[in-house]
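Across the two complexes that follow, subunit A remains constant while its partner is subunit B and subsequently subunit C.
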Partner chain A sequence: MILSRWSLLLCVVAAALFAPLYLGPFWLSLLMQILIFGLLALSVELLLGHIGLFSVCQAAFFAVSAYTVAILQVKYGQPTIVAVPAGMGAAIILSLIYGIAVRTSGVYFILVTIALGHVFWGISWTWVSFTNGEGGITNVPAPAVGSLVITSHSSYYYIVLAVVALCVLGYRTLTRSPFGLTLRGIRESESRMRGLGYNIAAHKYTAFVLAGTLSGIAGLLYIYFNRFVSPANAEFFLSIEVALMVLVGGTGTILGPFIGSAIMLGLRNYVSAYIDQWMIVMGLIFIVTMLWTPDGVLGVIRSLGIRGKTSHNQPGHRTRTPEEGK
Partner chain B sequence: MNWILQALNGFSLGALLFLLASGFTLTFGLARVVNMAHGMYYLLGGYIGLSVLRFTGNFWLALLAGGFSIAILNYFVDRYLIRRTGENHLAQVLLTVGIVLILSDIALTIWGGDSLSLPPPAFARGPIELPGNIFYPKYRFLLIVFGAIIGAVLWILYKKTQIGAIVRAGVEDREMVNAMGINIDRLFTLVFALAGFLAGMSGVAGGAFLSLYPGAEWEILILALVVVIVGGLGSLEGAMVGSVIVGLVDAYARWLLPEFSHFAVFAPMAVLLLFRPQGLFGKEA
Partner chain C sequence: MDQNAVEVAGLTKAFGGVRAVEKVSMKVPVGQRRVLIGPNGAGKTTLFNCITGTFTPTSGKIFLFGKDVTRLAEHRRTAMGVGRTYQITNVFHDLTVLENLVLAIQGNSRQKWVMHRPVNAFSDSLKRAGKELDRVGLKDRTHDSVQHLSYGERKQLELALALASQPRVLFLDEPCSGLSPGERQRIAEIIKEFPRDITLILIEHDMSIALGLADQVSVLHRGSIILEGTPDEVRANPEVREVYLGKV
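Presenting the complex of A and B:
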């Protein structure tokens, strides 16, 4: 089991490293999207899988860093080296502000984050003089450090891959640390953790800001991939779609969000090539996932008997609502 | 002068939001269901009302058709889809979003992507003169009256009748009501149908002064969510007070801070989150 796991990982790493050699431009760009949106989905997973908070405003953090980079580069002619940290900072600041949402829990948290996400969308839509409104910001230049300009798709792919890999490693370390354990403790029983002397509010707030930061990193990768940002990138709908990716893949793992992202984006590319009604198909995916496979693809694989070791300290594979934990 | 006009604008938007938010909040209060399809119900009710109006020319018939068709729809959605999710709110949210996607694509095919609006009935066209020499669109004024009447009816139904007492008891403790020999299932059905009816009707009423277009389902839903967050989830009084607050803030923001009007309504929500996260009339979360 251990051996096959490592060899599998090795295969995946090799496949990812040599992807530009055997994938055409279309598939390579799809792979980049899968990685970027998988990272965004991972930020949802951080809150959902570990504290049981379902955030529907991750698109706002994603879009704020993308917008910051686009505005600094296009309107103010700042170099990448200035724009990227600024974009990162913008995502962190916005998540520090939106962090008030963790004062609520359960359904309230869902509703409040929907509304907060909508506020950012509203700003990107109505503040035309700054964000160009509906048209968005186009012609974002390729990322450049000094004289080194990354123009080709395949070299940018390696940047995406490296950043995503680093984030995944960081995420893994974080969720296995005492901090991650405390988060899962809060998900299981808030009152008991409070009784043990943990500062619940501070932990929730920190996790929220970390998730916002992760979404911001995904936004940074996205803007240099897409070279264009519009209010559509801040929509409620993107946040919901990303949450669905997590559930389609299966919560409780790092791999789940990426699998979900691959399934959703792959399906969209496949289905929309044949029929116009992608929305209906997508609606059906939502309904089918919720009614019949609430544990996602990984959950289905697990129940088929290819069972990985799940000790008590691992993130649980079941989605819990906070009410259940009390 | 303008202050009063804007207040009237706020009250009329508030009346509309109340129709939508009251159904949402009652369904949550009793059945613990978050139904994100309410915005779509509004739009679909409006579209159905529009078609009925074009066919028959009768506004009241359109209002009833919009209401009843959505009541039936919500009955089936609850019975065969939402009920299967148990009390998992996350699943409810995503499930109902899926329903919205399917319905909105169907609506797009039938009614197209253009912005449509219902002509107000003949008796409600033109301006009305209010005391103090104020001229105001008659339709919007009547909408305020209509909203107030519906609010009063709901309040009496909720507070003064036996059914209301059972519903209130159900909000407090569902198992206990069931143990008293009351069929709580039938009560759920009733509340879901009522919520659907109100949402569908609000679409017809709203379609005559806001226009109906693809995407309107999310915009109105988010306003209704803010109403519910401000007022407190599950509380009828909360929906009343919340919709008036959101309506007024929206109207004054459009007038005084037009650039920020899109998100000014979220300000009371943010303030409330800091001081009273459970909403004005909500119970301790």
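Presenting the complex of A and C:
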């Protein structure tokens, strides 16, 4: 089992490293989108899978870093080396402000984050002199460090791959750390955590800012991939779509958001070739996921695996019965 | 400096028009084992929640080790050495027994903020977790998920969690409720073996267990303390028998 897992990982790494060699431009571009939006979905997963907070404003952090880069590069002629840290900083500052949302929980948290996401979208839409409003900001130059300009899709792919890989490794370390365990404790029982000496609000706030930062990194990758940013990148619709990626892929894992991203983006590409109504299809996926596979694709695979193992289960271990729930 | 671990002065907690706790005053010296008894609805758990910081009292004052904590946040009281268990088991169901313990151990240390090292790297915490599990007899369940534990084992885990945060004063809310007589005896034995320097305040309905553990007993009835005394005094008091067992 362990051997096959490592060999599988090796295959994936090799496939990812050599992707530009065997993928055409269309598929490579799709793969980059899957990675970028998978990273954005991972930021949702940090809050949803670990603390149980369903954030619907991650698009705002994604868009604020993309907008910052676009405005600095296009309107003020700043180089990449200035624009990228500024974009990062903008995402962090916005998440520090939006972090007030963690004072609420459950449905109220969802509503507050919808509102906060909308505020940013509204700004990007109406502040025409600064953001170009509906038209967005076009002609963002290719990323450049000194005389090195990364123009080709395949070389930018390696940057995306490297950044996403670093983020995933960082995420993995974070979730296995005492801090990560603390977040899962909060998900399980806030009252008990308070009784054990935890300042719940401080941990939630920190996690929210970390998630916002992660969304901001995804936004940085996106702007140099797409070279264009518009209010559509800040929409409520995008926040919902990435949240759905997490649900479709399965919460509680690192792989889930990326699988969800692949399924959603793949489907969208496929479906929109035949009909325009991607929204309807997405709504249906949402309903089907929530009703029949709340643990997502990975949850289905895992439960198949467990079912296969029950024939030789160890004594002393029972499967969970419904009345054993909280 | 008086040597009271807990002092409550004129404490009242009202929920709307209902006064769950009314003008309760109580002093528990350091190291004492105090049992609160009283019929259902007497206000025992509400009194607990006020002292540990889950509720803010309507009026009155609360002191822990001589310090006024009436308005202090719950997690800060924990940092002062308050530990507690819950009447309805309140543990982390989707985590393993070991992870539960680590959460309790790191609660009062900076370790809870560490993001760059895995939990497994903190061998001190793991060692202490093992020791606490040994104390409550859950050592062989270390790596099991809590949802696979029996109700009695969860009660044992409650005790382990409370002990692991190294409290100076420990509030136990019906540690034996819902258990069979044999399991109750087991929990009582575990509690008896607790270090004597921990001040214990516990709510218990099982009179033989309650009076067996107590140095001093407080009897609550309709939100007020009607009697304080040694187990023998309480046992002999006719009023308590009437209130607690109900007049037929």
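Throughout what follows, the second predicted complex is superposed on the first by the 305 of 326 C-alpha atoms of A that agree within 3 Å, B and C clash if a C-alpha of one lies under 4 Å from a C-alpha of the other, contacts with A are read in each partner's own complex, and residues count from 1 in each chain.
In this text, contacts are C-beta pairs under 8 Å (C-beta built on N, C-alpha and C of every residue); 3 or more make two chains touch, one makes a residue touch a chain.
Quantities reported herein were computed from a predicted structural model and do not represent experimental measurements.
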Looking at the overlay, does A:196 come into contact with subunit B only (first), subunit C only (second), both, or neither? second
Could you look at A:182 and tell me whether it touches subunit B, subunit C, both or neither (first, second, both, neither)? second
Where does A:77 make contact in the superposed view: on subunit B (first), on subunit C (second), on both, or on neither? neither
On the A-aligned overlay, A:173 touches which partner chain: subunit B = first, subunit C = second, or both, or neither? second
Winner by number of subunit A residues touched, once subunit B and subunit C are compared: B
Between subunit B (first) and subunit C (second), which does A:280 come into contact with in this model arrangement: first, second, both, or neither? first
Based on the A-chain superposition described above, do subunit B and subunit C contact any of the same residues on subunit A, and if so which? 324
In the complex, subunit A touches subunit C at residues 173-174, 176-182, 184-185, 187-189, 191-200, 203, 317-318, 320, 324-326
Complex contact set, residues of subunit A against subunit B: 48, 54, 56, 100-101, 103-108, 110-112, 114-116, 118-119, 122-123, 125-127, 236-237, 240, 243-244, 247, 277, 279-280, 282-287, 289-291, 294, 319, 321, 323-324
Parts of subunit B lying in touch with subunit A, wherever the complex brings them together: 28, 34, 81, 84-85, 87-91, 93-95, 97-102, 104-106, 218, 222, 225-226, 228-229, 233, 259-263, 266, 269-270, 273-274, 277-279, 285
Given the complex, residues on subunit C that touch subunit A span 52-54, 73-75, 78-79, 83-84, 86, 90-95, 99, 102-104, 106-108, 111-120, 122, 144, 147-148, 161, 165
